[in-house]
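Each of the two complexes below includes subunit A, the first together with subunit B, the second together with subunit C.
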Partner chain A sequence: MALSRRDFLKASAAAAALAAATGGRLGATDVHAAEGGIRWGKAPCRFCGTGCGVLVGVKDGRIVATKGDPAAPVNKGLNCIKGYFLSKVLYGKDRLTKPLIRKGNKMVEASWDEAMDLIASKFRESIAKHGPDSVAMFGSGQWTVFEGYAAAKLFKAGIGTNNIEPNARFCMASAVTGFMTTFNSDEPMGCYDDLDLGDTYFLWGANMAECHPVLFSRLIDNRLKNPKVKIIDFGTRFTRTSQMADKYIRFNPQTDLALLNAIAHIIVRDRLYDENFIRKHVVFKKGKTNIGYGLEDKFKFADDPKPMTFDEYREFLKPYTPEYVSKLSGVPAKTIEEVARLYADKSRKVNSLWTMGFNQHVRGTWVNNLVYNVHLLTGKICKPGENPMSLTGQPSACGTAREVGTFTHRLPADMVVMNEEHRKKAAEIWGVPAEKIPAKPTYHATEMFRALDRGDIKVLWVQVTNPFQSAPNLSRYRKGARKGGDRFIIVSDIYPTRSTELADVVLPSASWVEKEGFFGNAERRGQQWFKMVEPPGEARNDLWQTMELARRLGHGNLFPYKYVEKEMFEEYRKFTLGQGKDLAPYEAYTKARGLRWPVVNGKETLWRYTEGYDPYVKAGEGVKFYKNKPNDYKAVIWARPYEPAAEAPDRQYPFWLCTGRVLEQWHTGTMTGRVPELKRAYGGAVCEIHPEDAKRLKVKHGDKVRVTSRRGSIVLTADLRGRGKAEKGNVFVAFFDENKMINELCIDAYCPISGEPDYKKCAVKLEKA
Partner chain B sequence: MKKMLSLAILCMALALPLMALADEEEVPSAKEISEAEGVPPVMPHAAPPLKNGSEEAACLACHEEGKNGAPQSPHAERRACTQCHVQGEIKEKHKKKGKR
Partner chain C sequence: MPISGVVIKCQMERLGELERELHRPGSVEISNVLGDGSLIAVIESASLEEEISLVKNIMAVQGVLDVRVAYHNFEDQLMAE
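== the complex of A and B ==
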């Protein structure tokens, strides 16, 4: 079939103009082909944890175009609207291009030398006066692997403090503790192929249509091809996802815990479980109950796991009858029965998908455990097309924050500072004495900002994130940051933000393809890219910034590399080999459109713990949870009860407040807010209210309404017919808007096991403003 | 926009031949591709009221076949329309249609 060049171009123009990602030769084979002065390179998208592949077109040192990479298995050429505007996110008018130092109320331009000298002197002073635990780094799931690795190494092996945390603590820490407590190894067994291969999808607290659009379109594609496919959306708010789902099941906030136990109750009661799978692969445990909410400073919690029998577990489930849970959750008992049967239906390939509704939850670890329970009871796990899958919101929350281990308690490859063997191994690879790495974790993110407020932390360096907009109970921590004394705050970013405005030094950073990078997405896929353009002005890579501080503090020996990224990666890779977390040599990632670990003998792993897919599982073993040595290589079913939220509506504050994202704006909007088309499409945060509640308050669509919690108060425009529809007694506000910081209202209660705050539930009142 | 429309129809007609492109020797220039691979057009009208509770049904009511002067979608098999096509400036002539 012949096609002239002209025809192709016309067709391509039309197709693209109407958002078709057609995909041509270019990109499929030779991504670095240069033609017409434009050079194309591959990179993962800068935004969410999906990890879409994009092709980046560069001309005269500037990104002139981006498009979905047809050769990328994640997105197969498709992007969401944020991805289509990637070429614009780096070119906002107010890009930071010079270091700035605070002189009174003014930020004054300075040289890199001056800025780094000042930072190094503040670090030295504070460490000498108050010890290494008085300095801290707050990083990000948007850190490249190199940036996170360098920061962790400098703080843990150089400065000698565990004061390092990522914003990922606000985002998926509960997913990590869920994985660790159930499987003793972080990250999913399944992968995105399950979105194409399954036929039954339960979404829990995940507005995939807006927050993981490309993955959602894979689900929708699957349904279009296979009429058996059912998508069931459990939510506390009717979203675009609910709209496209086959069934929307509304439940009262926090009762997901009870619902999952009711589903397990029915499965056990009616013997719908997979007895063989349970006998071979599962143990039962219980932990502490009434575990608190972390509202007090220096709150501490340690679980006390106890083994139990299947019969004891059956007893534990007894109270969670469909009738009881129906009263609690507002879901009809009949629906709960139906859902349990769907989960257990042997002719169905069942998947559960979740995001922040589960993770940002005062019982986040528990609710993660509970969804695994259902999959373990039914044996619907570790099989192509049948898996529980935790989705992530940042491009390298998995690759950097979790795998490199940039949390206070973690080391690379699932190791922890509390374990002597782990410290020894890390110290050996890092070339430092084992005593150098402190054995005690210090502060998780919320506690870190509390410590800054109290004055226990003096010097804080923030990279690639915007905590003074994104932390919960924000007013306290914003005030704390500017309390003076010995406090000194450094913020590295690419634009002025609500965090740079509180800084003593602002450092202009390079972003995305202005540097060489490596991200790891939600399906264990590591993706590398090369630097394609120079950063503007004097902006520099965060990796360089960290190593420069190291050099000035006398820790330059930690970074003895020539080709920094490659050599650092090969060093980091040593942690992963033989651990079931094996990464490929750096070179392999420069060519591939990502590889899913463990990568053994050049082969990636689609399904972990599964014979025939995972090289760590021997022939005849079928499924083996080989990372869970303490539990005899079995996964744990946890008896975790329903416990109420930290703050529930009452007479004074009668509404639930839930916060989250919208399609067009990402996180705190610092990048997407600079793209006029995205700003126009969704420019400011609004307050979604149920029409009946609004009527009672005499509020009409478009009226101003004051939203007040015990912690803060803001005025927003009421939205009664937006894309998301609040349920009665609930309101929803997106958190991206830097002029309407809803997080001032959020409570800083967190899951005692994961330390992740609950941004989805607190009590507010509404008044017509 | 009219030109785009005719191109869109052409594109539909060429949907099959496009698949065969991988075997073609000719490679379009990067400039041409960058022009071609622009961002998806925004909605110049308010999002229509849902049809049968579904956004896709509402969009595709016109855009599937190009009814009422709407541009025909070259990829009607993609049902999550708003993941790419976001609200743009509402043109005067569209103001009466749909509601926000």
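== the complex of A and C ==
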């Protein structure tokens, strides 16, 4: 590279960083200026649910540079370290570029026609022989809105089955059922602005510093500006987040249920609640207890909510004294008292933030309900800077999986297949008879893989995800996939994965800016981008793949569009209008750096249910939970007890195993794993062990340990000095490593209400290997 | 050779020391020190792998709160592939 070009790029780098750090006061301001032949376009980041804005620089048909988008309100010009991986997402050496068809043990290159003909014939055969519920689609929170919408429409309105699920069932289904049971509407009332405006932040089971770094930076910036800011990290593992928090509170796994009830107990006992808010905006309810763990195939559960009074709720809370809960949780009673007072402190703007620690939980719905209870009791909700906020891990878990409704039971905009009116509305927009959409949900994700194992599902198409690495109790489902018979598996992806290796057909997909797209992030922000580069070889958009199957099955009439993305979006938008979920016209998103719904008269909504911000709340109403008509427009405080985990340590398996993510790798590592150095540095997933446990087992840092559960066993390197530190009696292993698939050890127990598995708690033993 | 522009958020009391400690001509060059505790740095390296290593090492330094990426150019690396 000529020195002058290099100097120019260095100056550009310094100017961009300076501009971002100073909010554009210093450094480069015109981000669109063509820079040495580079053309820039906007897109949301490909990785987590934070939804940072990125400017993508293209030269000669290739991406050559990326910038944090200074105009993006989420990240204001700065990306986290995963920003570096954006360059590698598309350009790994082993990109899939041709369809592959299994011939015996070999995968053989084929044309798109051959592959699609084969897939269509398998669908047709299976539907004719075994009915529409024998075919299924397993998609993703990384699907664009168009991809998810097309798949849901084809399966529900074309094929006539509810056999469609996203991998989001594995990561935030409990957040959905939490929102639905408490507010009767999915997704948060608050937004990321709360990270700048509040002063007290409780993190529950969320390692934000590593998993939502840009949001955590906003918290840290807030604290630097405002000495009143406190960050309190509740966790079962000491992380980079704990290190930066003002207080780390260690608790025993599963006892978050009891802790939240103890906090409510103190707030009620000492009358620290907001009586006025409760009277106006809250009802009390209880549901079934001892609700099981879904460990047996075809497990079914239906809650039976019953109203209760505030006094009955007070009685329910009585046993959760700080002393009792201290014994259960390991948190000192004094600390529980202090935390309750912080939550209730009228001079403080309190926020709760959580991710997988709450959601991947056999009582995930309950624990979501319980955190809302505390905010509803204290009235610290629906106000700028004071809100509970559930974060997501995938870029469009909200936009696609939840809002489009790519779950077996859902339809777009919070509607469900069980409701006749909802089916009618969907059928009308989709131009099909209402009877076409089946009224009964079929399988949620775990049950879907059980059905494949049993042979009830024969044909499964997987798009934009890697379930044969990410499902819990993995060995059963991997074996099930290759049991033969009429089973036929199609996997669309951009790289070879542990799922493509089990497929009968592998389809090469286009990714990110190789196609036009739309994601929705965790603060209700929808973000659009245009195609900027061509996909490699013969790789094609998943949207095209789904529509091509539709055409071959005789359902091409469901997709009559010319400008597919725009017209499909305008059709989808009809579901949202007037529902408090209003999306803007497509055009608006092509210009804006995302808009937070409901978007009414061109204006986005920062705080839902709140007068002055939410156009659905009339003057004088203050706060109105207007989506909760069945509960008289009030939110529900739920009496949900503490119940133990599905499997707890015992003499034979004395340790808790928790799984999760690390900063350098994302999900199953299929994209971030394309950076060779990281593969070397993080050569394999490691097992974080507490030094005292390690000493007892005579294991030193770097030794090999065998980790065994009732379901599987793997050998890992012991890590006693990593960034994350296991608590005594606990071990932690990340799930990104395709050669050390820790999910083989995980139990497939799930929350009976949400169907989301608990990847955070099962029992294992350790031996020096 | 990829080039990136990053913002290094530091503990205020360590800012001056970190400016000196982190500066390595030809690989990590601190171009600005901001009053809010941030250092602006340009990172140059032979490969993306090395670049990420450099950033990870900076993140691990005592007093560094966070590193965020504003700009990343990898044009000649792609041409070489």
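Keep this in mind: the second predicted complex is superposed on the first by the 727 of 769 C-alpha atoms of A that agree within 3 Å, B and C clash if a C-alpha of one lies under 4 Å from a C-alpha of the other, contacts with A are read in each partner's own complex, and residues count from 1 in each chain.
Please note the rule applied: a residue touches a chain if its C-beta (ideal position, glycine included) is under 8 Å from a C-beta of that chain, and two chains touch if they have at least 3 such contacts.
Since the structure is predicted, the reported quantities are computational estimates derived from the model, not experimental observations.
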| item | value |
| --- | --- |
| First, second, both or neither for A:W40, with subunit B first and subunit C second | first |
| Partner chain(s) touched by A:V214 [first = subunit B, second = subunit C, both, neither] | both |
| Which of subunit B and subunit C A:R640 touches, first, second, both or neither | neither |
| First, second, both or neither for A:R721, with subunit B first and subunit C second | first |
| Subunit B versus subunit C as contact partner of A:I81, first or second or both or neither | both |
| Which of subunit B and subunit C A:R596 touches, first, second, both or neither | neither |
| Contacts of A:Q243 with subunit B and subunit C, given as first, second, both or neither | first |
| Contacts of A:G57 with subunit B and subunit C, given as first, second, both or neither | both |
| Doubly contacted residues of subunit A, that is, touched by subunit B and again by subunit C | 1, 9-10, 12-20, 22, 26, 38, 57, 64-65, 67, 78-81, 84, 209, 213-214, 216-217, 220-221, 224, 244, 664, 677-678, 681 |
| Subunit A-touching residues of subunit C, taken from the complex the two chains share | 1-7, 9, 12, 29, 31-32, 34, 36-38, 40-44, 47-53, 55-56, 59, 65-76, 78, 81 |
| Residues on subunit A engaged by subunit B in the complex (per definition of touch) | 1-3, 5, 7-20, 22, 24-26, 28, 33-40, 57, 64-65, 67, 78-81, 84-85, 209-210, 213-214, 216-217, 220-221, 224, 240, 243-244, 663-664, 677-678, 680-682, 721, 723 |
| Of all residues in subunit B, those that touch subunit A in their complex | 4, 7-11, 14, 16-18, 20-22, 24, 26-42, 47, 50, 53-56, 71, 73-75, 77-80, 82-89, 100 |
| Residue ranges of subunit A in contact with subunit C within the complex | 1, 6, 9-10, 12-22, 26, 38, 57, 59, 62-68, 77-81, 83-84, 86-88, 91, 93, 209, 213-214, 216-217, 220-221, 224, 244, 664, 675-678, 681 |
